[in-house]
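Several structures are given next for inspection.
The following pair of complexes shares a single chain, subunit A, combined with subunit B in the former and subunit C in the latter.
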Partner chain A sequence: MTARAARLFLALSAARLFVEPAAAGEVPLSERRSGYEFMSRETRAMQDDDTGNPGTLWVLDGEALWKRKAGASDRACSDCHGDARESMKAVAARYPAFDPALRRPVNLEQRINACRVGRQKAPALAYESRDLLALTAYVTRQSRGLPINITIDARTRPFLEAGREAFFRRQGQLNLACAQCHDDHWSGKLAGSPITQAHPTGYPLYRLEWQGLGSLERRLRGCLTGLRAESYPYGAPELVDLELYLMWRANGMRMETPAVRP
Partner chain B sequence: MNWREACAIAFSILVGNAFAGDSIPASLTGAKGDPARGRAIVANRQVGLCLLCHSGPFPEERFQGGLAPDLRSAARLSEGQIRQRIVDSTKLNPQSIMPAYYRSEGLERVAPAYRGKTILSAEQIEDVVAYLTTLK
Partner chain C sequence: MARAVVTVPAQAKRGEIIEIKTLAAHAMETGFRRTQLGELIPRDIIRRFTCTYNGVEVYRVDLHPAVAANPLIAFTTTATETGTLSFQWVGDNGYSVTEIAAIRVE
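Here is the complex of A and B:
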């Protein structure tokens, strides 16, 4: 190799070094922290102990709903999918996922409702209703401890890019971007509470402030309201794109549903 | 916006430009603000929002921000420099996370309730400026 070629090679491999971590997500895996790591010892203990974790109530409700026949088809989820502990293992870790019929990614709540309406011939469950949260929590519970695993292909890339664009866009009367808090200032405190890196590892989760279980979209709507920005209705494509970006950004992190947050 | 506020904005833009964005020497209302009212605005989490990011001499407020300098650092600034930072700090630092308190244009996706409105009124900003100048 000539000296010039060697220099070029070195320059190129140095460039790769800087480019690669960004390609795998804006915060390198080794520096990523779940919201869990920012919590007090008491709140962590509440999440860690299934009997003390209030989210367990929704998971148990979800298990019952999984086995209950519903709709004109008079079939239960379990009639098609069997034991969720087998069939639903690692499924939530790859949602939002591409829906060929809608030609766009759908989140887990939308996927569950597609089965309700299409297969069970039952009415869709309302967003944030006890039953939809329970079924979502039960299905997602089957991914607890497993790594988030979003793969992007030509069909999903435009939606990932839309979500990323939204994350970096200043918006609302306060004119702030998600990234300004969650990428640039995650070690800081907003009015005394930790900002965190906004990883969606624990949803649906129990928030002490909500006194109940809530979805990732509920949390996103909360941050948007805080910015005094226009919010989106539940299930809006813009919210699902953001969810896809956040899940992809957290690739490799372990799922913790049902988590607890302050 | 009334005609007085419109004049004040036009004036502040002119003056602001004249000082390369570092200072707005003239009061937005033409009058001095009230420091006691200003202190209440700064401490109020729904009105001033300052303590979300800043800390300051507010022993009665338990949860203060840790994203920005303590407000006592304003002591080294002139009244006009303080006013500029509240009106629009992105004039000094385009990357600033501090919201522009006297700006209602060029913002994206503002919630309907806040659309076309500034975060604080000219009077409120003068009250806050008056309070911050007492921190010297």
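Here is the complex of A and C:
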């Protein structure tokens, strides 16, 4: 979030534009729009053309890492999973997913690190490190064009509800809820930027403001900081619950990874 | 990883104008930014990009600190003969990447 946008957050709340209660509800399926649809023609063209989409650089790095042996096991991801185009197809579209050992949902970065540590016997990759982003982008690329497919059962429902509760809860010094912007005012603008419906269809994605690839958690931390709320550390259960809710809320929308956003 | 990607048509007609696209992974650190403690972050940019076609230079750019990270450089040239296009990026701190692509011209 730019300083200008942060000031505008403040100005908006001071102007009491958001006085109505945050309970208008989720965006109906027929009205759901990806962030892509709010972008300029130039930024869309950048996403659409793999040869000009900078996210391609991470996808290619991820492909190389997929085949590289690592850790005390001296095994590569491909030694167990084979060709990612087959084995990882549609996998990212159902994450965060329930991890029986942890008895809670984990996001794709955490799932990949579980294989790094548990199967490859290698140290975990740091959140937002180039290698973890590259592997995540490569695995998620195998879901591009496929619909998000989160199924909720008795084990995951409490975490979905926690994420939903966080989305509708006013927080931070600005005392705003995610839903007030992303459900109730998604057609509006903030500091000239479209607010959008906050569908996580393109992560990890290349954000022009970041000048690099970043995860959904990085984006969420950005919005939380914008609310002047204290953010959660990467991998925190609160963030994964929010991710689960956002992915579930976008069920049926097509994956775009690696997307580009302003 | 010092990665670069080039996109060149695999074949073309003699005399045809072809589009070439290149993408290089690079932070393009301007040298003007400071850390939160006020220390200057040293400049680290790509300084020059060149493309040669069968050994003849057909395109060259000098890059400066205002260029965004991961620069996309797209340009056109005339397909003259079958052979090799060679691309080179060089920059601060010993950065140097070379990529080659074959083209068939008939």
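We adopt the following convention: the second predicted complex is superposed on the first by the 237 of 262 C-alpha atoms of A that agree within 3 Å, B and C clash if a C-alpha of one lies under 4 Å from a C-alpha of the other, contacts with A are read in each partner's own complex, and residues count from 1 in each chain.
Here, a residue touches a chain if its C-beta (ideal position, glycine included) is under 8 Å from a C-beta of that chain, and two chains touch if they have at least 3 such contacts.
Note that this is a predicted model, so its numbers are computed, not measured.
Enquirer: Sharing subunit A, do subunit B and subunit C clash or fit in the superposition?
Expert: Verdict on subunit A: subunit B and subunit C fit.
Enquirer: Please indicate which partner A:H185 is in contact with in the superposed arrangement: first for subunit B, second for subunit C, both, or neither.
Expert: In the superposition, A:H185 touches subunit B alone.
Enquirer: For A:S231, select first, second, both or neither according to whether it touches subunit B, subunit C, the two together, or no partner.
Expert: first
Enquirer: A:S193 contacts which: subunit B (first), subunit C (second), both, neither?
Expert: In the superposition, A:S193 contacts subunit B only.
Enquirer: Taking the superposition as given, does A:D61 touch the first partner, subunit B, the second, subunit C, both, or neither?
Expert: The answer is second: A:D61 touches subunit C but not subunit B.
Enquirer: What's your read, subunit B or subunit C touching more residues of subunit A?
Expert: B
Enquirer: Does the superposition put A:R170 against subunit B (first), subunit C (second), both, or neither?
Expert: The answer is first: A:R170 touches subunit B but not subunit C.
Enquirer: What's the minimum Cα gap, in whole angstrom, linking subunit B and subunit C in the superposed view?
Expert: In this superposition, no C-alpha atom of subunit B lies closer than 16 Å to one of subunit C.
Enquirer: Across the complex, what residues on subunit C touch subunit A?
Expert: Of all residues in subunit C, those touching subunit A are 1, 3, 5, 7, 21, 23, 25, 27-28, 68-70, 72, 74.
Enquirer: Going by the contact rule set out above, which residues of subunit A touch subunit C in the complex?
Expert: 51-52, 54, 56-57, 60-61, 64, 130, 208, 211-212
Enquirer: Going by the contact rule set out above, which residues of subunit B touch subunit A in the complex?
Expert: Against subunit A, the touching part of subunit B is residues 45, 49, 51-53, 62-67, 90, 97, 99-100, 103, 107-114, 117, 119.
Enquirer: Name, in rising order, each residue of subunit A that touches subunit B in their complex.
Expert: 169-176, 180-181, 184-185, 188-193, 225, 228-231
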